[in-house]
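Report on one structure; see the data block that follows.
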Amino acid sequence: MRSAILQTASRYLLPILLLFSVFLLLRGHYYPGGGFVGGLVAAIAFVLHSFAHGTTNTMKIIGYKPMALIPVGLGIASLAMFLPVLIGYPVMTGLWFEEPIPVIGMMGSALFFDLGVYLVVIGVVLTILFTISLHTH
Amino acid sequence: MELLLVLLIGVLYSAGVYLILRRSMVRLLLGIMLLGNATNLLIFLFGNITKGKPPIIKADLKVFEEIYADPVPQALILTAIVISFGLTSFAIVLLKRVYALINSDDLDDLNTPEEEDL
Amino acid sequence: MIDNHIIAPILIHLFTAIIQLACWSKTITQRVLSIAGATSGFAFSFALFIKVYNGEILTMNAANWEAPFGIVFVADLFSSTLVLLTSIAALAVSIFSSVGVGKARMLYGYFPIFHFLIMGLNGAFLTGDIFNLYVWFEVIIIASFVLLTLGGRKEQLEGAVKYMALNILASTFFLTGIGILYGITGTLNMADLSLKVPLVEDQSIVNLTAMFFIIGFGIKSAVFPLYFWLPSSYHTPPSAVAATFGGLLTKVGLYAMFRVFTLIFIPNEFMRTVLIVLAILTILTGAFGALVKLDIRRLFSYLIVCHIGFIVGGLGLYTKIAFMGAIFYLIHDIMVKTNLFLISGLIRQMRGTLDTPKLGGLYSEYPKISLLMALVLFSLVGIPPLSGFWPKIYLFEASFNANSYFFIASLILASFITLYVIAKLWAEVFWKEASRTEPLSDSFKELDIFRKTLLVLPVGILAAGTLFIGLNAEFIIQVVDRISNELLDTSPYIKAVLGK
């Protein structure tokens, strides 16, 4: 499907959707949103781009294989999960900074866990979809 | 609302069971997915459907004053959906590979190793 | 008592898998990491076992949310014993895999997935929350799907379709059961459920839910009418994978059955009869299936089904002695079945085939390794004083006390068939002269001494474990005695979790 409208639109939509996915990620602790949904939105942004420009071109933008995101995301999430153990709390206990940080708001280990989930979801979804679409053609 | 959900769950379960009993692999997969969705709705139904009452206790109170929506079933369903997303995408790729290998959608054609054994 | 370190056996495998994912294409690093991870996993679970054995039930509230609201992890003697056995089996399989699994499979992520699988198993054993148990089951089946299909040969994929369909169906049943259970009690914590389920007014819906759990766990642990996926898939993957599956996967279904039917649902007369009838039929189908199979791994698959019947029967009898027999058998079974599939991998390495008519002459060529294998095979048969002998005494005694003579008859029949099958196997594979017509491909001889050791060592480790269970039966009996008490009197478990 090579439509000029979709190609032009997706070029602008990609950054906007990515920004929106980060917004979803950040508001996720108290409002609807979070790492999983944010990751899905980000993945959909790339999928839309690949519809318009072809899978190989999208992979060029990403640079790395999306699979590389999986260990990174898992690493961040499990470190956020494991850190409380070092100071004597059970696994996954939420640790929070005292003062809110501008733009982001209250920041704690849960945010890093969500960030890990976000990366894993992007990695997994893109790996699955790219594998299927590259093997179909 | 409850009655509607009950009927919907019944339809999904029966359609799922019917599809699973067919011999086609794609129908098997669709049947499993329908059963999974029926189960998710069942959990949703068991969580007592209440509209627009988030389970948040007001700042000046110690307990809930009114009926609230139970968040646990929704968390369970969300987890189950995420899991079934992974399982389904794996199953699709698997069935595609099997189709490419044996060039048939019929589950009865999956028996080559069994025959060799006799 | 709260102890935040009981989750270590889960975390260690998680971290191992993540680091291995990061070094995706470096197979040597992955092998070293896998053995290191499995060794430290063993150390942590051994420490956990000692702590629980000498002390009391340990719990951990994940994220510091108190039970019954948060997810709780519980290490009682039953779960910590199984975690220890899992770690031993995982260590053996991980050493074996470093040579026994092809490089192509390693490049597609064999090791990380293997460690995710072990993480899932440990999680399922340690969790005290029924929905969390479901999640760990899903971790296990996703990982096992990947391991089963890795390599993508035709028969593998065909087996995987059956395995996948039935296992997803089992999860659906399990999830339905959980949904209803939450609907009628409003809790997911197993200890809390144990208190609330007897208070439900309409006990018929409780019995219905119990049936959902029987079907769900029945598929997972390959009980009679639901076992078909096992023999049609377990012979297809590499032996290292088959060893993990055969030794551990069905056992986690059995563990869940024991947990749920002692803690949440106390089986009534009808349900006990159902379990015993299922056990008898499982034993018979497994035994007769094993009789006619010529491929070694298919034969072992049917023996797995057969011996699962022993354990389910022990649960169905529902007395302390029956529990002791069943859990002793479970302990013995994990060690032996894992080892059997590793042995089949060794034989394949030595002969290039697993078809018994084509095999032969292993004893004259490899006398020492053959004797090691004989030890395992005899333990499986249950020749005194080896490990398979002791649990059967308890099972006999329990079924005599319960006057369930059909169960005794099937136990005796299955024991004789196992003996016959193994004797035939021994004669065909080890004593019979090697056939001259078929050229044999012995890739074991070509390996250097280091690789040979890596292949034989895990068989040795597990055989030593079996020998320990057999010769130190008094210690094991003491452990299973305590486990049976824990299962029959759940108040210490509930007190440890809920603090009341």
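As written, the chains take the letters A, B and C, and residue 1 is the first residue of each chain.
Criterion: contacts are C-beta pairs under 8 Å (C-beta built on N, C-alpha and C of every residue); 3 or more make two chains touch, one makes a residue touch a chain.
Treat the numbers as computed from the prediction; the structure is a model and nothing was measured.
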- Message: Quick check for the class: compute each chain's Cα centroid; which one is farthest from the centroid of subunit C?
- Response: A
- Chain pair that, of all pairs, has the most C-beta pairs in contact: B-C
- Query: If you average the CA atoms of subunit A and of subunit C, how far apart do the two points sit, in angstrom?
  - Reply: 37
- subunit A to subunit B, mean C-alpha position gap in Å, rounds to 25
- Between subunit B and subunit C, the Cα-mean centres are separated in Å by 27
- Task: At least two other chains touched by the same residue of subunit C: list those residues.
- Result: none
- Task: Specify, in ascending order, the residues of subunit B that touch 2 or more different other chains.
- Result: 86
- Where on subunit A does subunit B make contact in their complex? 36, 124, 128, 131-132
- Listed in rising order, subunit C residues that touch subunit A in their complex are 4-5, 7, 11, 14-15, 18-19, 21-22, 24, 60-64
- Task: Provide the residue numbers of subunit B that touch subunit C in the complex, in ascending order.
- Result: 20, 25, 28, 32, 35-36, 39, 42-43, 45-47, 72-73, 76, 79-80, 83, 86-87, 90-91, 94-95, 97-98, 101-102, 107, 110-114, 117
- Query: Can you name the residues of subunit B that touch subunit A in the complex?
  - Reply: 82, 86, 89, 92-93, 96
- Could you pull out which subunit A residues touch subunit C in their complex? 67, 70-72, 74-75, 78, 82, 85, 88-94
